[in-house]
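As structure tokens, here come the structures.
You will see two complexes here that share chain A, one where it goes with chain B and one where it goes with chain C.
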Partner chain A sequence: MALLEEPIKEVMQLKNFIAGEWVESKGELQDVVNPATCQPLARVPMSTRDEVNAAVQAAREAFPDWRRTTPLARVRCLFRLKELLEEHFEELSRVQTQEHGKTIDESRGETRRGAEMVEVATGIPSLMMGYNLEDIASGIDEYVIYQPLGVFCHIAPFNFPFMVPLWFSPFAVATGNTFVVKPSPRDPISQVKLAELIDESGFPPGVYNLVQGGAEAALALLEHPDVKGATFVGTTGIGKDVYRKCGETGKRAIVQASAKNFLLVMPDASVQGTMPALMTSFFGNTGQRCLSGANLVIVGDDDAFYRKFLDAFVNTASRIRVGYGLDESIQMGPMQSLDGKKRVLGYIEKGIAEGARLVLDGRKPAVIGGYPDDHFLNPTVFVDVMPDMAIATEEIFGPVACVLRVKNLDEAIEMVNSSNFGNASSIFTSSGKAAREFQYRVETGNVGINLGIVAPMAFFPFSGMKDSFFGTLHGQGRDAVRFFTESKVVVQRWL
Partner chain B sequence: MELNTTSQVVSFARDLEELGARFYESLTRRHSGDAEVWRHLASENRKNVTQVERAYYGVISDALEGCFSFAIDPDKYAIEAEPAGGASYHETVKRAVEMEEKIVRFYLEAAEQSKSLMADVPHAFTLVAKKRNSRIPKLMALLGKEG
Partner chain C sequence: MADVVEKRRVHCARRHVSVFVVRWDNGSFSIKCSLLKACGDSCPYLENPDYKSEFRSSPEYKPG
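So, the complex of A and B:
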């Protein structure tokens, strides 16, 4: 199958976007590599603390005028951005496939979800309204006004390089705040493209800023006294540090962290009907998402159903076409980084050592198109997995499915709830009663019923519990509006 | 090779519509008496592409099964852009009817298999199948006529 045209043809030198200008960084440069082809795409600077401070200062200086800009005028910039996102939809999507490795369908899905955040944030004139009650006492009225706070920042993950920053930034700027984003240095190019479009949309200088970099830049943002709040998506280990740092510096925080998601299959589930959802969940985005399926729990003591389901699952997984995502026939791309692949290989070794049975081994990948296999893995399936094994309890973040078996729904729910993580879980069943019981008792923030990926739409919060989330309010929707605003309460009497 | 991903299926639909449009455009020269009919059909094909692409790009989500929904054999729906050389008007129209029937079957299969995607995608496939289906009696009516 012919490849779709690559939009990035030459190695780019990435810059920072501060106060409406593209400025070169003095920081060290790192290579950004296409994980499918191993070809360099860009050189990204590790911005210095001074450069981060300059971005925060630009955002702080832009804040007073921006907060006085009417909500209607603010969202007009977002309407223009939305139009530009549509115009550049395909280019943005292909850039994500180049920098991250995901398939073109997945990249387009990511672009669409990012654009939907902008669409929802254009509703700010309504979403940001406060509330009031007259005559709380004789002749006294009380009301709430939602006001912006100042500068917010986002420290972005590598797995959804385009979409995740958009869970936050449109809501932040629409409510009158200013923003600094730090993309992941592994795949920062789609954020550069987004910043170019934001610039073109007519946002005043300083309202939206981008600084490239790694841990030092992130720390500089988190420690900066002028940053009022931080949003972060990444691992639980780093997430806890981010949350702690935000606490120490008095910042609001949304910290979305690691996951170990369970997908339950009840004996009344359709075998063939669930396969596309399970393939997407376990192997979509090469298993590199916090909503990915990790543990497949087959419920019941019906051996015939177990064998039939398992055969179908392994057989379907074994036929997944792995290769470069700009080939439209590809269903799974490479791991984004060599480190990520190494970590997954380590877990496969650990699973074998723990006594789980490897029934589909993806360690020697067959790659369509003859690309170097450096970053690639094929789908991997373990069976006879015990709940206390490391492969069943720790986040692998790759295309590895662990199959467990339990007697009944109660046992399955207990297993889900015994996890340290609480990001997402799903049940596949034709029983409304079982689905309702699951939804009621399960301790995860996002719950799927006959769906493999429980990705909340832009107008709902992206939830999470336990070690998968630190904070109070979530990204997206009304939660995001509340996060980016302070409730000012006015009690009024006229004499 | 089987079509598995939504991107593949949408590209295949685009190619089918384009080949179909070229087929009708070639008829405007060969059977110019009905040139307006052929031109209209060719232009409608291109509108179908817009309709399917708009649905796909408008609702595609990484959360649904975009890469795993389909198992379509494209060979079942292969068509040619050029009518056979020296074919009569009657033979050519007959071929157009066969082509339309084949494309309708493709869209119906695509609609059936995309039920797990956002509803707009199977809906767009079904609408195009319906539109194309309505062409068949019109083409059949031309069969009795000499070009």
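So, the complex of A and C:
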């Protein structure tokens, strides 16, 4: 198949966006590489602490005027942004494929999800309303007002470089706060494109700022006394550090972290109806998704069903077309980074050493289109996996499925609940009773019933439990509105 | 005035949105989509109201 045209044709020199201006950084430069072609796309600066401070200062200075801007006027900027996102939809999507490696269909889905966050945040005039009660005592009324707090920041992951910052920023600015985003240095270009559109949308200087960089820039944001709250999506290890740092500095925090998601298949599940959902769950985004399926748990002692289901799963996975995502026929792209691929290879070795049986080996990838295989893997499936093996308990973050077998639903739910993580889980069944039991007892923040990827829509919170989430309120929807506002309670009496 | 003979909601894979394809009894059809202006002539349904993307996000399951 022919490739779609690449929007990034020359190596870009990335800058920071501070106080409405594109500013060059003095920080060291790192290469941003297209993982499918291994060609350089951009040079991204590791911004210094002074540069981060300048961004926070700009956001702090923009805050008083912005919070006084009426909610209706604020969301007009978001309405304009939404129009611009539609105008640039395809370009934004292709940039994600170039910088991350995901397929163009996955990128288009990501762009859509990002745009939906903006759409929902345009409802702020209603979403942000407080409430009141007359006569809480004789002649005394009480009401609550939701007020913005000031500067918020987001430290972004590499796996959804365009969408994840939008889980937070539209809600933050719509509620009257100002914002600083730090994209992942691995794939920061779609955030640059987004900032260009935000600039065009009519937001005043300083309301939205972008600083490029790595750990030092992130730390500078977390330690800055003028930052009232931080949002982070990444690994549990770093997430715990972020949460601790936010505690030390008195910041609000939403920390979304690692996952090990279980997908249960009951003996009454439809093999045909389940397979497409399982394929996109385990191998979509090359398994680099906190909602990806990781452990496939086949329930019951029906050997014939087990063999039939497993054969179908392995056979379908083996036919996934792997290559450069700008070829629309491709169904799985490369790993975003060499480090990520190395980690996955390490887990495959570990799984073999632990005694699991490798029935589909993706280590010597067949890549359609003749691209260098540096970043590529093919789908990989282990069977005879035991619940205490590292491959069954630790996050692999790649296209590796571990198949486990249990006797019944109780045992399956116990297995899910014994995990340190609690991001998502799913059950595939035609039994409402089993589904209800699963939903009721399972300790994960997001629960799927006959769905492989439990991605909450923009108007619902993106939940998570245990080591997959640190905080109280979640991103997206009403939770995000509450996170980005303080409740001020007024009790009044007129004499 | 022509009457509607068919109204179908389809998933547009290019934009990941719902699109309505409306057929009229005079043989014409129209595409109802909030993004039609943004897509312009590149909308595949304008050319072919029965358009289906040839691409799939995963291989088809083939019962053994």
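Simple rule for what comes next: the second predicted complex is superposed on the first by the 495 of 495 C-alpha atoms of A that agree within 3 Å, B and C clash if a C-alpha of one lies under 4 Å from a C-alpha of the other, contacts with A are read in each partner's own complex, and residues count from 1 in each chain.
Here is the rule we use: contacts are C-beta pairs under 8 Å (C-beta built on N, C-alpha and C of every residue); 3 or more make two chains touch, one makes a residue touch a chain.
In this text, all values refer to a predicted model and were calculated from it rather than measured experimentally.
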* **Clash or fit, chain B versus chain C on superposed chain A** => clash
* Would you sort A:191 into first (chain B), second (chain C), both or neither based on which partner it touches? => neither
* To do: Please indicate which partner A:455 is in contact with in the superposed arrangement: first for chain B, second for chain C, both, or neither.
  => first
* Of the partners chain B and chain C, which touch A:285 in the superposed model: first, second, both, neither? -> first
* So, does A:275 touch the first partner chain B, the second partner chain C, both, or neither? -> both
* Asked: Taking the superposition as given, does A:336 touch the first partner, chain B, the second, chain C, both, or neither?
  -> neither
* Asked: Which partner does A:25 contact after superposing on A: first (chain B), second (chain C), both, neither?
  -> neither
* Report for A:96: first if it touches chain B alone, second if chain C alone, otherwise both or neither. => neither
* Is A:109 touching the first partner chain B, the second partner chain C, both, or neither of them? -> both
* Listed stretches 8-16, 26-34 or 80-88 of chain B, narrowed to the one that overlaps chain C -> 8-16
* Where on chain A do the contacts with chain B and the contacts with chain C coincide? -> 89, 103, 105-106, 108-109, 112, 275-276, 279-280, 284, 321, 328-329, 331
* To do: Using the touch rule from the top, collect the residues of chain A that touch chain B in their complex.
  => 1, 89, 103-106, 108-110, 112-113, 163, 275-277, 279-280, 284-285, 291, 321, 328-332, 451-455
* chain A residues within the chain C interface of the complex -> 83, 86-87, 89-90, 103, 105-106, 108-109, 111-112, 271-272, 275-276, 279-280, 283-284, 308, 311-312, 315-316, 319-321, 328-329, 331
* Asked: chain A touches which residues of chain C in the complex?
  -> 13-17, 35, 38, 54-64
* Report the residues of chain B in contact with chain A in the complex, numbered from low to high. => 1, 3-8, 11, 57-69, 116
